[in-house]
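Which chain is which? They are A, B and C, in the order written, and residues in each are numbered from 1.
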Amino acid sequence: MKQEFPGYYTFWHKLGAYSLKFSAWLVLFFLIMPILVILPLSFNVEPYFTFTPGMVRLDPDAYSLRWYEAIVENDNWMLAIKNSFIVGIFATILATFFGTLAAVGLSSQYMPYKRLIMALLLSPMIVPLIIVAAGMFFFYTKFNLAGTYTGLIIAHAALGIPFVIITVTATLSGFDRSLYFAGLSMGSSPLKTFRDVVVPLIRPGVISGAMFAFVTSFDEVVLVLFLAGPGQRTIPRQMFSGLREQINPTILAVASLLILISILFLLTLEYLRRRSERLRGLEHIN
Amino acid sequence: MTPLTQINAEITTHPAGDLLTSEEVSLARRELRRKKLIALALVIPLLIFLFFTFVAPIGTMLYRSVYNPTVAELIPQTLSSLESWDGQGMPDKAVMSQMAADMKRLANLRKSGKLAESINRYLPGTSSVIKSTARKLRRKDDQKIISQGAEFLLAANDKWSQPEIWQALIKAGKVYTDGYFLTALDLERNDAGDIQQRTSTQIYIKLYAKTLRMALIITFMCLLLGYPLAYYLANAPSKTANMLMILVLLPFWTSLLVRTTAWIAMLQTNGVINSLLTSLHVISSPLEMLYTEFSTIIAMTHILLPFMILPLYSVMKGIDPSLMRAAMSMGAKPPSAFISVYFPNTLPGLSAGALLVFIISVGYYITPALVGGTDGQMISNIIAFHMQQSNNWGLAAALGSLLLVLILTLYWVYDRFVGASNIKLG
Amino acid sequence: MNIKKITTSLAISALMASTANAGELTVVSFGGAYGAAQKQHMLDPYTAKTGNKLLFEDYSGGIAEIKAQVEAGNIQWDVVDIEVIDLERACSEGLLELVPTSILSKGSDGSSAMDDFIPSALKNECGVGNIVWTIVYAYSEKTIGSTKPRSIGDFFNTSKIPGKRAMRKRPQVNLEWALIADGVPRDQVYKVLATEAGQARAFARLGTIKNDIVWFDSWSQVPQLLNDGGAVMGQSANGRIFNAIKKDGKPFKMVWDAHVYDLDVWAVVKGTKNKKLAFDFVNFATGTKPLSGMPDVAYGPTRKSSMALVDPAVIPDLPTSHLDQGVKADGIFWADYGESLGEKFNEWLLE
């Protein structure tokens, strides 16, 4: 790539700029390479985590779909996939419902003890999962919630709530209150104003919060290790035991599918972000 | 200012109500309280939900770290008869026979293992003494145990003649104990009841220190890698920056397990990096990279790097590029302009990112568990070990409580200086 | 998009999924080639015959997980395949249901269960013997070099054979081997290991190769480690190596010197809600026909009547053909010392 420099740049300026660019790309490479490595390896015909000479030669016989077939044929993987979606969806619904309500409350200028409550509500994101898991193991067992879908769902909902709160309060922080009062002054009822003016504005925040909550549950393994019974094992749990007990390229195939899902999520989120900025009229600022 | 805050401000600046009638003031106050209640009412369902799903469980864990009823429930009579013992030599024959009777009862209930395990925590090596003695007592006649229980004990194992095992019984028999916390801090009580350094192996303080050291290294690595990239992205044309940002966000959105799997594939003995280096003749025999502290640090740096880049990027984005130019036009050399002008402006993002990365890495479990081997284990892993492998839940709870205190302190600092709600999610 | 409809149907399906689990049985074993053989000869035929759904889980042995479930009152497993080395301890700590021998059916030749089973298979009241297996060590012809190991002494001799040794991360078997390598006669091992001096001796010997040990948790990791050069020698259940040689054509060799042989039993976790069903499964799985499938992975069946159905070609590979070189794992010893030595072992690891 050719780069334009201002005329007053010396050799050292240019060297600095180039080395900055070089190191930035190196870090980007570091970030993305491990993810890229997984994709071809998941088509390995051999049952190992390595590139075979055949793969390097691009010999078609060195590639196969056998590990993808293995997912479909394995009852445990299919159960895990089903469970991940069940737990993820219900945890997301709970987290989004409670989180959005609370976020609207927290955004009110009249909210008492705002900072303290905010810090408390966001703490599930900070407290180490092993502590949460140990506590829940004792507590949920007492209420017969360990080894049930309900237990796992509410546990994951608790973890997802901070994300909903952050994203929804962020959309509300840019929200121009005069819009709300304009609605009110034009004779519309508070509830209707809320529905017609506030809801469309926070919708992108709610959706991206819900997506964060879903991904949090979908990716969570520590609580599952402690709380779930064999009937509730999820995809990450299955991967975790696979990586510990028998490393097998089926995991790579699952990982590749998960990467596809994350790309999908990322694109949706990016779209939502731009839309939200447009809606809030922030576009020209950036 | 909205009308209401205006009123509110006036109420406070004019306590006597110079401008408003007292009726108006109380009306405004009521209105204010109503709004407060509405806001609170929106938050309360979540507070209740989180209390039951999250706060109370952690509270249970804290309680477990001091609550220790097992031994007191298993051998209540022996414990009460031990109260008269002076702590020197052997207890009375009657006490010992009582213990023998208790052990026989427990052996037949298949609970002697539980007792052995609990006592063993106070006096390592006692487990086999209790278990083998209980096995021998199992078939003895009850009458004989009452009359010659003490002899049976001494015949089964001469450890019963030493005061240590009886002192361990007394210590283990306390329903509320600071024993787990002492162990978690590598301390113990000596015979006189004073707290001292643990005489046998000391591991936990070392492990905490190691965890903090690893977290610091990871934070530093993230900073080292994240800063130039964030700088580059912040100063690149916005089209390029948006494109490249996806490369930062994709790993962020990719499952943790996937990224850890990737590092296993890269670092293992026959993995991608070793094969590459071997085929390039850089090395002749594969390097041992997986299952070490090194692999834990590199994989965790990779996983946590976006948490550093995002706040740095957003702060750098807000720095006016003309600032540097102005400094340089006033004669500052680029390095000194950077250090004295640009760098201080990035400190908010830097400290936010660094604190967050540090907080997360201190309590990390999954990656060390999968790629850490024996060397790369952190404090969370030992907590999991005591939860799942050694079943020493009290100690796990004590270690967890200490970790929680550490994390909450860091979180408090974060909230003070960054604000908890300013966590960047992309 | 009708979100309400989707949520309702999901709620219903989740509810159904959770109620369906009530009639299911969770069976836990070691996975890998062994698990595959059990699935083929025990679990699948059982489901085909009775229609009962089985959830088949892997674990890597030990009693910790069972203990956690029983002590917390959160029973998730019903039937567990457990090593006798752990069985005695689990049983004496009240973690397992007593399995009455009256539930066991006759052998296919009509002999009563008591006559048909080898005596050690029914010795413990908490489980029914399933296989006779053993722990050997193995190496790969590809990576071993010119000096080939032949004894336990060689396994502990890093100057004779340099390179990593894969060992299971627990004291059991490792300490026995360390003592044998240190010159303790095979029949004296447990007597010596019961003394403080003997334990110190075992750890000292193990310490001489500590830096060359790759620890693993699950048996499945060993063939992988031997294959990719992660270890030159590895402790393994004989069936895993047998399977890698026979099925995957790997150039592995087993060393039978001082192998530690043991039984695996089917046991039922204390307090399971599915006790009746669990017993029914244990009875089925230890029948003549299902047991006769175990030699697929070179494990000996515990019923005499099953031996008649075994391919004679596989008999030399069964642990029972090498008993003269072996040590019998002592379950009672490990019941008493498992905890103390486990603790010492973990501290030794961290030193």
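By our rule, a contact is a pair of C-beta atoms (placed from the backbone, for glycine too) under 8 Å apart; a residue touches a chain by one contact, two chains touch by 3 or more.
Predicted model, so just to flag it, every value in this text is computed and none were measured.
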item	value
Leader among chain pairs (count of C-beta contacts)	A-B
Greatest separation from chain B - chain, by CA centre	C
Between chain B and chain C, centroid-to-centroid distance (C-alpha), Å	33
Cα-centroid distance, chain A relative to chain C, in whole angstrom	39
Distance between chain centroids, defined by C-alpha means - chain A, chain B (Å)	23
Of all residues in chain C, the ones touching two or more other chains	228
Per-residue multi-chain contacts in chain B, two or more chains	268, 270, 387
Set of chain A residues in contact with two or more other chains	48, 50, 137-138, 244, 247
Chain B-touching residues of chain A, taken from the complex the two chains share	12-13, 16, 20-21, 23-24, 27-28, 30-32, 34-35, 37-38, 41, 48-51, 94, 98-99, 101-102, 104-106, 108-112, 115, 117-140, 142, 154-155, 157-158, 161-163, 165-167, 169, 177, 181, 212, 215, 218-219, 221-222, 226, 236, 239-240, 243-244, 247, 251-252, 255, 258-259, 262-263, 265-266, 269-270, 273, 286
Of all residues in chain B, those that touch chain A in their complex	2, 5, 32, 35-36, 38-43, 45-47, 49-50, 52-54, 56-61, 64, 225-226, 228-229, 231-233, 238, 244, 246-251, 253-266, 268, 270-272, 275, 302, 305-306, 334, 359-360, 362-366, 369-370, 380, 383-384, 387, 393, 396-397, 400, 403-404, 407-408, 411, 414-415, 420-421, 423, 425-426
Residues on chain C engaged by chain A in the complex (per definition of touch)	7, 10-11, 13-14, 17-18, 21, 24, 26, 28, 31-32, 55-58, 60, 72-74, 76-77, 217-218, 220-221, 224, 227-228
Complex interface listing, chain B residues touching chain C	107, 109-114, 116-117, 120, 124-128, 131-132, 135, 200-201, 203, 268-270, 286, 291, 373-374, 385, 387-391
Chain B contact footprint on chain C (complex, rising order)	62, 64-65, 67-68, 71, 89, 91-94, 194, 214-215, 228-230, 332, 335-337, 339-340, 342-344, 346-347, 349-351
